[in-house]
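Working notes, structure below.
Note that the chains take the letters A, B, C and D in the order they are written out, and that residue 1 is the start of every chain.
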Amino acid sequence: MSNYYHPIEFSSNVVALAGRTKEKVSELAARYRVENSFEDWRKLVADPKVEVVDDCAPPFLHHDPSVAAAELGKHIVCEKPLARNAAEAKSMLDTAEKHHVKHMTAFNYRFVPAIAFAKKIIEDGRLGKIHYFRGSYLNTNDGFNRPTFPLTWHFQKETAGHGALGDLGSHAADLARFLVGEVDAVSGASTTFVGERSLKKGSIEKDKVDVDDLSVACLRFRNGALGSLEAGWTTSGVTDYLAFEVYGSEGSVKFNLERMTELQLSLPDDRNPDASGFRTVYVLGRDHEYMIPFWVNQAGGFSWEHTFVNELHHFARCIREDEDVEPRGATFYDGWRNCLILDAVVKSSETGKWISLPS
Amino acid sequence: MSNYYHPIEFSSNVVALAGRTKEKVSELAARYRVENSFEDWRKLVADPKVEVVDDCAPPFLHHDPSVAAAELGKHIVCEKPLARNAAEAKSMLDTAEKHHVKHMTAFNYRFVPAIAFAKKIIEDGRLGKIHYFRGSYLNTNDGFNRPTFPLTWHFQKETAGHGALGDLGSHAADLARFLVGEVDAVSGASTTFVGERSLKKGSIEKDKVDVDDLSVACLRFRNGALGSLEAGWTTSGVTDYLAFEVYGSEGSVKFNLERMTELQLSLPDDRNPDASGFRTVYVLGRDHEYMIPFWVNQAGGFSWEHTFVNELHHFARCIREDEDVEPRGATFYDGWRNCLILDAVVKSSETGKWISLPS
Amino acid sequence: MSNYYHPIEFSSNVVALAGRTKEKVSELAARYRVENSFEDWRKLVADPKVEVVDDCAPPFLHHDPSVAAAELGKHIVCEKPLARNAAEAKSMLDTAEKHHVKHMTAFNYRFVPAIAFAKKIIEDGRLGKIHYFRGSYLNTNDGFNRPTFPLTWHFQKETAGHGALGDLGSHAADLARFLVGEVDAVSGASTTFVGERSLKKGSIEKDKVDVDDLSVACLRFRNGALGSLEAGWTTSGVTDYLAFEVYGSEGSVKFNLERMTELQLSLPDDRNPDASGFRTVYVLGRDHEYMIPFWVNQAGGFSWEHTFVNELHHFARCIREDEDVEPRGATFYDGWRNCLILDAVVKSSETGKWISLPS
Amino acid sequence: MSNYYHPIEFSSNVVALAGRTKEKVSELAARYRVENSFEDWRKLVADPKVEVVDDCAPPFLHHDPSVAAAELGKHIVCEKPLARNAAEAKSMLDTAEKHHVKHMTAFNYRFVPAIAFAKKIIEDGRLGKIHYFRGSYLNTNDGFNRPTFPLTWHFQKETAGHGALGDLGSHAADLARFLVGEVDAVSGASTTFVGERSLKKGSIEKDKVDVDDLSVACLRFRNGALGSLEAGWTTSGVTDYLAFEVYGSEGSVKFNLERMTELQLSLPDDRNPDASGFRTVYVLGRDHEYMIPFWVNQAGGFSWEHTFVNELHHFARCIREDEDVEPRGATFYDGWRNCLILDAVVKSSETGKWISLPS
């Protein structure tokens, strides 16, 4: 496994782009020398040169393109959250499985070396039995905390499915499952502090925001661990605070995306019983997978864009070698389970009940 | 208010001690030159020289001594959590109010200068409208995470009321109310990872642990904010991790007892728009209340023991000047509301429902 | 050694105070119930009830009282730096040794548990051979960085000997010797950014500042290690930044007084070769000496005032048990070697040469 | 200036590679589709298709290729330190200037957004008058601290000029000049803890190490500020610790490459006089130059490789637009002044004197 990312000499080509606005998509295609560009995603999906569809559109444009692509036998990477709700996600999963295409939900943070290393530490049992997980993603997205920020697709259920919960919380919920395991039950609360927004910046005309801008939840994992989730756009002061803490019977680990190359690790160290404490580990060296394709042991040797390089490299390799996308990457199954958690937070908030997830 | 703690020349004398074991309590009284010592707390409460009772016993010994003291017109400080459950706490509150004695629940962290300063920042509106509070208290108490740690009064409902939730979570719940306001509803989960413990260290004979060693909860505040609480004994690696984060529409604040003299503050700073970020503020100077009686502007100029000095000084002053214990300190009212939250976490965990608190 | 601080049942009484101003010293004596108070330190030294003299005056009042006390056979604790220059310090040392009194230079930071623990780690060889030491003490002393801060005894050679170098740098220089060993040679630079100050706050009349407000030096240790020292009053932004880093062939340690209970430790850990990194160790537990007399394993369980309690307890114990003040504490020998370093920084700055210290 | 990096549509092509080993250089050329590859750098320099030479060889291969390139009218980027000593560097500078070619010393850290921002803060006067600079670069380079690490070109004067001082200290010395200004005088000490190394890993045959593996220095800046420099390979525990602190009369700034996207800033903030403290600023947003070509406001949106992209983009742009390489980038003049500092540290160490630099 440590050799997983040794250079494999193959390359992927972007052969077509689709976008709503003719000028923009043409200009982009020209700049990056992409052969075809379409205003209708259906044409892209149908283009015989396209073997893999990468759906980076908002959630309301996840289901139909994915289903169409699967039916044509094309592999699909789809942005997170996988869909506006679990029902849509389940339909996408079923179609992809029926047509035996490779499918991946683009949870890119699984491909941060420090997070992959945290998973390894947990799987190796070095933290003992896992007792508690806390996952947070608080990010004002450069202005979502301000009431003057205008309405975009993020703020309505029709286009986004969920608000901060979908945009941010879905990442934390994926890491919960990635690191600790399946979630069985959820209670939570969602709220909306900024209830309406201008249609355009500065305009008087406003429309209703009908998704959360702050959500919090308690989790029960199948293995007995407890957990919590937090997602918020209206938490001023944060930068890009995707953080988790995992506590076990023997040790624990903390991560914060704001310091992406670091892991805080408390491990049993019986040789230094007088010197226990969280150690700051830079997960960067040649020995950590995911780093091999990049510059090596420099403190700043990994950044956000590389999560995508790793992610797409993984998917390309899975297609080429016919390997499993998971557990390294998230499949549509993971995307569906993820949607179940998001939906349950809202349902618990509305019904005042703990929500059990289907097994 | 900034002059609140200017030296007031009065002193309090410890005139009596009570403890179960004759030798220990006598020895302690001798060492500290305390006039009287008793094996029966009733005698201490009845001692005419005693004007104020400070109840440092476990929760099962809170209700009766407090009620007895109040009925004799004596002022009472009682350790936290105020009682094993909200019903006991309510009885203590009612008796104290009926007899017009001063009453304080010993939530000593209200008297940390950094926390008092956080409260001031929030009350002054410098964080804007408060949206979110997270409060954690994770502490292995030097061994509670290990199954080999023997049974003490902490581990059974009869003596403790709650487990980690009462011992640790009560502090986080008090800070929630202190900093953000009244809590209206709670959902949560409690669990017990170490289900039985030896009666003595190393012995084979074991008894059941019937309180939580890990709890998590979601909160709805009356003012619309959301929150979460975490309390755990079985979270290996932590030292004394009583931490909170409070997010508002304009700024936010973070605190961790492990760095007791620091506050992380994000404040609007329109003069340095290119340099926003959490600032590490050492809350130590002469200008911060609570520090006046102590050594001044040295980085390490405040420590744990001083929280108690501040707390008891405050109570003594309230008695002498006939001032209100709250909002600076916590009363039995706060102790009762606190118990309502703790009880609700367990009830939510058992019933699978959000629990509304009485108003 | 781990039992060193187990309670020893003895107490010290303050029997006399001396100060320039009659009213102030009388008031202080009254408040703390001290029997005698004098305006002339000679009377205090001669008072037959005085067995130990604690000289907390500025450097120009160190030599004569210490010599007088030693000649009367009284033990002496003297504030740091021991004197205005090495010649004065040598005279104090010689007199104290001639009269066989116990003598201590009040380098209180030797009594911080985290620093004592760093010393132990180094002495145990856990960092390997020591290669490098950096010691800094940057502190604006609540206003020394501002040109409007008026002249006090700190700012002239006649009264202080050195400026930031003596007030702050002496601590860093003592830690260099305490942790790494004897210093053989020094080069450095001293400067004065604020060259004159008002005689009183706001007054027009000014006088010259003839000591440094910023100094930096390179050190050669006898054991081959290199080092650096920094001391500054004119370094805006710092709080109480007494920090050191010690690097060895196997590991390293970092300390900052602003986080007084923490040590950053990098130790060889061959069981976790993939998880090396600085660990944050809270030096607080029952197992760490110096903590035994205080509250136990709470994160904030040690503060600045406790350094003095430890220091004076140590000196009292050395007198009572006739034990050596060093290496735990600093003697007048250490105070003299310390002055040699300070003097050498200034001499190097003036002469443009590396200065060798006498052996 | 904020528009400096708006996309300029031009691209640079790598047209030739040179390397000692035929197979390696051919393979590399094939992988990256480079037209020509040579074993002799002279051929590369003479290749008429080559307009710009990028010299990434060790210091002993800096002078001759640079001089040859300049004489052929080709622009040159040369790795740091610019040469083995100031005399070589001066010759390179003179030749480049004589032939009017663009020349850059590859001090890539000038192109870290956080460092560029620190420079801006200083130039804008927001820290007041600069008093003190400390620059450190401690990095074990994945094993240089271990005596078993074999001899490479880094360890001998003939090939490297200097040891840790050249490899690491040159960066810190460049930042001193970049951020604070010209250096006038230097004192320092250099040492070598590992005095000989195996010719190959594990072999018995050894050769002498005749460069430093640890150096420390004091600096006098022309503007009156003082400074210090540290460079070390034998400081176990560090990761990639290129750190600086700059203190002024009004504020200060701290940086550590291990947290490359962060700046610690203390700025005067008269609106929050009770909340002063170092703020952690993520220098990442769209408003910070150097970030425009990259992914935007994500915490991890900049890494080590991007310093080179910025650096080479800058040089390409200076050539195309005929603009000045400095002050944004370092020229050969800067490379020469840098070598003067490095040489002075060694000379001071050998002669026991402060060394004045030529003006």
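Just so it is clear, a contact is a pair of C-beta atoms (placed from the backbone, for glycine too) under 8 Å apart; a residue touches a chain by one contact, two chains touch by 3 or more.
The structure displayed is predicted, hence computed values, not measured ones.
For the interfaces C-D and B-D, the C-beta contact count is higher for C-D. Using the mean of the Cα atoms as each chain's centre, the chain most removed from chain A is C.
The centroid of the Cα atoms in chain B and the matching centroid in chain C are 37 Å apart. Note on chain placement: the centre of chain B and the centre of chain D lie 53 Å apart, centres being C-alpha means.
Rounded to whole angstrom, the centroid-to-centroid distance between chain C and chain D, based on C-alpha atoms, equals 38 Å. Shown for chain A are the residues that touch two or more other chains, namely 239, 276-278, 282.
In terms of which chains touch, the assembly is arranged so that all chains touch all other chains.
Against chain C, the residues of chain B that register as touching in their complex are 142, 239-240, 257-261, 282, 284-285, 294-306.
Across the complex, chain A meets chain B through its residues 127-129, 131-132, 134, 136, 138, 145, 185, 187-189, 191, 193, 214-218, 220, 224, 226-228, 230, 232, 234-239, 247-252, 266, 276-278, 348, 352-354.
Those residues of chain D whose C-beta lies close enough to touch chain B in the complex are 117, 121, 126, 265, 267, 269, 271-272, 274-282, 287-288.
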